[in-house]
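First chain written, first letter: the chains are A, B, C and D, and each begins at residue 1.
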Amino acid sequence: MASFYNDLEHWRLKVSTSSPVPQEKVGKASPPPGAPPSQAAVLEFFRAISPGLPQIEFCIQCGSCGGSCPAATLLDHTPRRLFALIRAGEMEDVLQSNTPWYCVSCYFCMVRCPQEIHITDLMYGLKTLAFQRGYTRNNKATHLSRTFAGYIERYGRSFELGIAARHYLRHPPKDLIATAQMGAGMFLKGRLKLRPERIKGTTQLQKILIRAKELETPL
Amino acid sequence: MSGANGKNGDHRVGVYVCHCGSNIAGVVNVYEVAKWAQEELADQGVVVAKEYKFMCSSLGQKLIEEDIQKEKLDRVVVAACSPHLHEKTFRGAASRAGLNPYLCEMASVREQVSWVTEDKALATEKAKAIVSAAVARVRQHEPLEPIRVPINSSTLVVGGGIAGIQAALEIANSGFHVYIVEREPSIGGHMAQFDKTFPTLDCAACILTPRMSEAGMHPNIELLTWSEVENVEGYLGNYTVTVRKKARYVDVSLCTGCGICQQKCPKKVIDDQYEVGLGYRKAIYTPFEQAVPKFPVLDRENCTYFEKGTCRACEKFCAPGAIKLDDQDEVVQLNVGNVILATGYDMFDARRIPRYGYGKLANVFTSIEFERMCNAAGPTNGAIVLRDGKTAPKSVGIIHCVGSRDHKYNTYCSAICCMQSLKFAHLVKERTGADVFNFYIDMRTAAKDYDEFYQKVLEEGTNLIRGKVAEVTDGGLFDERGGQLIIQVEDTLIGKQRRIPVDMVILAIALEPRHDASAVAHQFGISCSANGWFTEKHPKLDPVSTMTDGIFIAGCASGPKDIPASVSQGSAAAARVVSYIQQKELSLEPVRASIIAEQCSGCRICNDLCPFNAISFDEQKMVSEVHQALCQGCGTCVAACPAGAISGTGFTNEQVLAQIEGLLRVPVRLESAHPVAV
Amino acid sequence: MKYLFYPGCSLHSTSSAYLDSLRAIQPKLGFELIDVEDWNCCGANEYIALHRIPSYALIARNLALAEQQKNGTQTLVAACSACYVNLAKTAKYMGTDADLNTRVNDALAAGGMHYTPGSIEVRHILDLMCNKLGACKIKKMVERPLSGLKVAPYYGCMVLRPDPDKRWRDPESPTALEELILATGAELIDFPLRTHCCSGHLPQISTETSLDLIRRLVEGAVKSGADLLITTCPLCQLNIDGYQAEMNKFFGTSYKMPILFFTQLIGLAFGFSPKELGIGKEIVSAAPALARIGLKVEAPPPLRRPPKDQSLPMPHMPKPYGDEL
Amino acid sequence: MEERFEPMIIGFTCNWCSYRAADMAGTGRVKYPANIRLVRLMCSGRLDATFVMKALSGGADGVLITGCHPGECHYIEQNYKALRRVNLLRRVLQPMGIDPRRVKLVWASAAEGVYLAQEITKFVEEMRELGPLNWPLHTRVTEKPATRPQLAELPR
């Protein structure tokens, strides 16, 4: 198992030029050196990633999004307030926000938005932006995404057991016994595989992803 | 006039170039233009070309008038501002000098040249081109007379809500006859359903019913209730409207309105019109006590007699024998001069937003249902209770903007809901003492005394939460608060999601255009905006007229309005109608199409093109004909006629082609790209 | 009808029951689901959090594979909600956003692939069954009506929302699962929370919040009177099923609300045995609920390690024909 | 001629919207090239294909047709008819050897003076790039008002 992890880390370093493995720290992320991107740059970025769709300038601050969000209790800012912060130019606050990272992609905000803003897609955009800009929050959500990403970049398929194991090693579950019981249950019912599935075209996929990272929407 | 067909030399054209102070002369070399016209356009019949400081001044006009008489001019070109500004002025001058006003043409060298061009040389050349085009065009002009139409002094008001009643009363009080056509059994409209009216909280019935009965008894007003407009023909001053009077099954000449038939009728049905589904009525009914007219209507679909052939309870008990079970629809034709459309609005269907639970969660009500509930004559006699009919709510949530300001439903603001919701908050507080939560996006209380009312509601301790409600769920499903409704919302002022338990939810639903608004618009030859409301001639300066002469609009038919605005519009439309009637005869611009019968092949292509139904086909002569008063002069048929048989007065092919030719006469200077330094 | 099929990672592991049941009922429905060869993970909602173009490229590789492989059909069917949304959104955005299309195809070219927007139509299996086949036809195939079983539908989020191709009338008041439940002859329970969120990936991020969301759903289903829930989404199934015990422990409750895949329910109505449909793999057993209508569920077979693959590699062969073919 | 060329453009405007937009551009002193010369019609629906042919054959290098935005026509729906006619006309021009880009339709409401000026500037620029039309059977303005182009004379 150990060699497998080393392998993974090694390979990731090779591919993810834009995202080196950060030093793990507990608590809120410290901002990276340098100023955050300007408000204009972020608005331009949004426009680039969702062309032809209503942008946050249309937001009437009604709160349909924050009212609909199932993860609302966890958010430091509701999506509505995040948009207001962007419009106020408070980019530091925006990129440090945990809101996009808690987005569960339920798309309630998006279908309920009276101005038809594609909020969920903008949340993805904000995550990408924060990640690329080095605002890598050392929270569970970022880690989960990155663990997940590591496996699919490596094997082309997700690997639940590996992801869970790695994630829980870093962030022990609240109720270890219950989680262990559940894992065992899943395993006994044949719902967890011991080995990752691997696609045939891993090399091809990696080539595609490396090229794609070079083509990433610039900011 | 000369009657010649455009050969050189037989027209005498005068060209007048205006300086407009320095507005034109500062950029265009007016002297050069005048000189050029005199010299180069002599072959076009230009005999005089003059420039003057202010052509529109009385001296300037006098100059033209004198020239017309002295030089025997038969065509005049004024190169000045846009014809939209001073065409009337110069036509007036021509007319005073004895020239047919339509033989005067304007060349817009201010708006189209001096104000939009920097380069003086280029501007002068362009001005020459425009003058040359105007000269070429005016040579093709024919003397015209405005079309005179008589105005029938009767008026049709469609819709008997407060706007329609107001309009009808104003016209009737001026001494002219009015018909009110109303779809429902009684006039009164939505206002008759309301309880209190904001911001003064006077009872709707107390202020409305006197107007209703005044309209009902007015010698100049004829009510056609339970009737619908079927067809409209004609034009300003002379409309013929076909109205279907639906069978009432009650002989109104015998009925005394005693109401015994309603008492005795054994069939009780849910009243989804007047009581919006919250109450019951009989199969023979008047919608409410103070209905005008007082005669009941028999609802054929629910009547036991029409279902099973027996019963006839109403007939048995009617002392004057007014029940007429063999009644038939009656079609009548009304001749009117003007029409006022006061057709009102529909309420948004709250079931379209499933997340608010209307129709599934018992204690979610719409605003109009709540109006009925509050009304002392309503289904609960004015008691504010839950769906069980007896429990008073301890907390009530009022949700604003339901179906308004949302791109999925209606993008506009329904204008009345904020005040209506505040009124509800007050009524709930006053009658039940319950906690009230109002959920709003923006508070819009912009009219006289409205914000004062808002202050009052604040003072009463209403909880105002700024946020659009995300969803209403049944708390009994997963919360300890059994049976209550949970309103989930972001309180945007604190930036947190809140879950607020309430006993009752009221949805302030949007006002929508009538479901048949576009059909009605088509019938009357007017248009609807993208949102579906009737379009006014000008949203600010002419809000009660439409693009079709003689058709006016009032009240919510052109967009959501409160009662004061609807009443004002009713009066305004009436004033417009009365001013038309008092002129007895109106003149219309002679910009009209006409068909030369000899050239018409009878292909009927033009018939369907006309949006005003002004072209009809004469089956006998096998040619199409244009009705001059209906034609609005757009010219689409002229352009479409494959035989070239249609001629558009004021914009004939010859005139436009001559104008193009004139424009092309002066080439574009090459300096265009490089402005000449001054 | 032949369709290209994208199973997705979950159906190969945690939700193998979904795949089992789908495979079991597909011949009866007249569907032939052909796997996209060498498909890769869609990245769920995690990969797009980190990279944008790579995420679309990752998804587009599957579309490109499907385009290569399409043989008389251009419909690509997904069963997992997240996979469906990712595939459908990518297909849609590549058609509407020229810049994205150029970049993604540039990336794909690095792997010798290409996707032409519009060449593949992405649909969810539920959409296919309800909007293409129709619940009425499915009803005619039912051999064992499940009368007496009280079933509540649970859609989760991503089948209905954001609905990039406008497959549904209303993202908040769907009727598809309801129609299918009625088709099987089971009793339909009105479950108001049927489009609510199961908490997605929150169990790994914020346990309390996720357990509360799961509690609302389970408690709501119990109070609505359902015997079991059916769903369309592997993650919903996993969260409600797998975390129910932990949720009970956390809140001191003792709910037992089984949740099955809708294909399993249809399979039962078609007369397949619970075992064939993968019933028994759920943690909160559906056996008591099914026993109520006389269906016996066998215990799952004891887990065995898969036999080790002892075959030897094949020799490398040069391609017999050129690249053009 | 080769080194310096300025296009001649005839614009057809609707009395209710674009003619008023032109007025508005004037009132707002918005500058645009003097290459355009406007003809007022009551409605874009009045646009006869003959007018466009007349302009092009008489020396214009481009024709700009402006009308009310869809749904805002003063005459309810006649601008849609203009739209159809222009599309047909552009198709007819192509086989005659005339670049269909020389005929352009623009919607401009009475409030859009600035927009109209921008569109005019853009169109003039486009025509500058296309170069002179050199109408196949080049006949400049003659005394005889040729009401319709002689179809027999046009190249097949």
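To be clear about the criterion, contacts are C-beta pairs under 8 Å (C-beta built on N, C-alpha and C of every residue); 3 or more make two chains touch, one makes a residue touch a chain.
As the structure is a prediction and not an experimental result, all values here were calculated from the model.
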Chain pair with more C-beta contacts, B-D versus A-C: A-C
Separation of mean Cα positions, chain C and chain A [Å, integer]: 22
Centroid spacing, where centroids are CA-atom means, of chain A and chain B in whole angstrom: 52
Intercentroid distance (Cα basis), chain D paired with chain B, Å: 33
Junction residues of chain A, two or more chains touched: 73, 108
Shared-contact residues (touching 2 or more other chains) in chain B: 355
Residues within chain C bordering two or more other chains: 172
Arrangement of touching chains [line / ring / star / complete / other]: other
Chain C to chain A touching residues, read off their complex: 9-10, 12-17, 38-41, 43-54, 56-58, 61, 82, 85, 96-97, 99, 103-104, 106-113, 157-158, 161-163, 171-172, 196-197, 199-202, 204-209, 213, 242-243, 245-246, 249-250, 280-283, 300, 303, 305
For the chain B and chain A complex, residues of the former touching the latter: 355, 401, 405-408, 441-442, 466-471, 488-492, 495-497
Complex contacts: residues of chain A adjacent to chain B: 60-69, 72-73, 77-78, 80-81, 108, 112, 114-116
In the complex, chain A residues that touch chain C: 18-19, 48-49, 51-52, 70-71, 73-74, 100-108, 110-111, 118, 120, 124-125, 127-128, 131, 139-142, 144-146, 148-149, 152, 156-160, 164, 167, 171, 173-175, 178-179, 181-182, 185-194, 197, 199-201, 204-205, 207-213, 215-217
Interface residues, chain C side, partner chain B - complex: 170, 172-173, 190, 192-193, 215-217, 219-220, 223-224
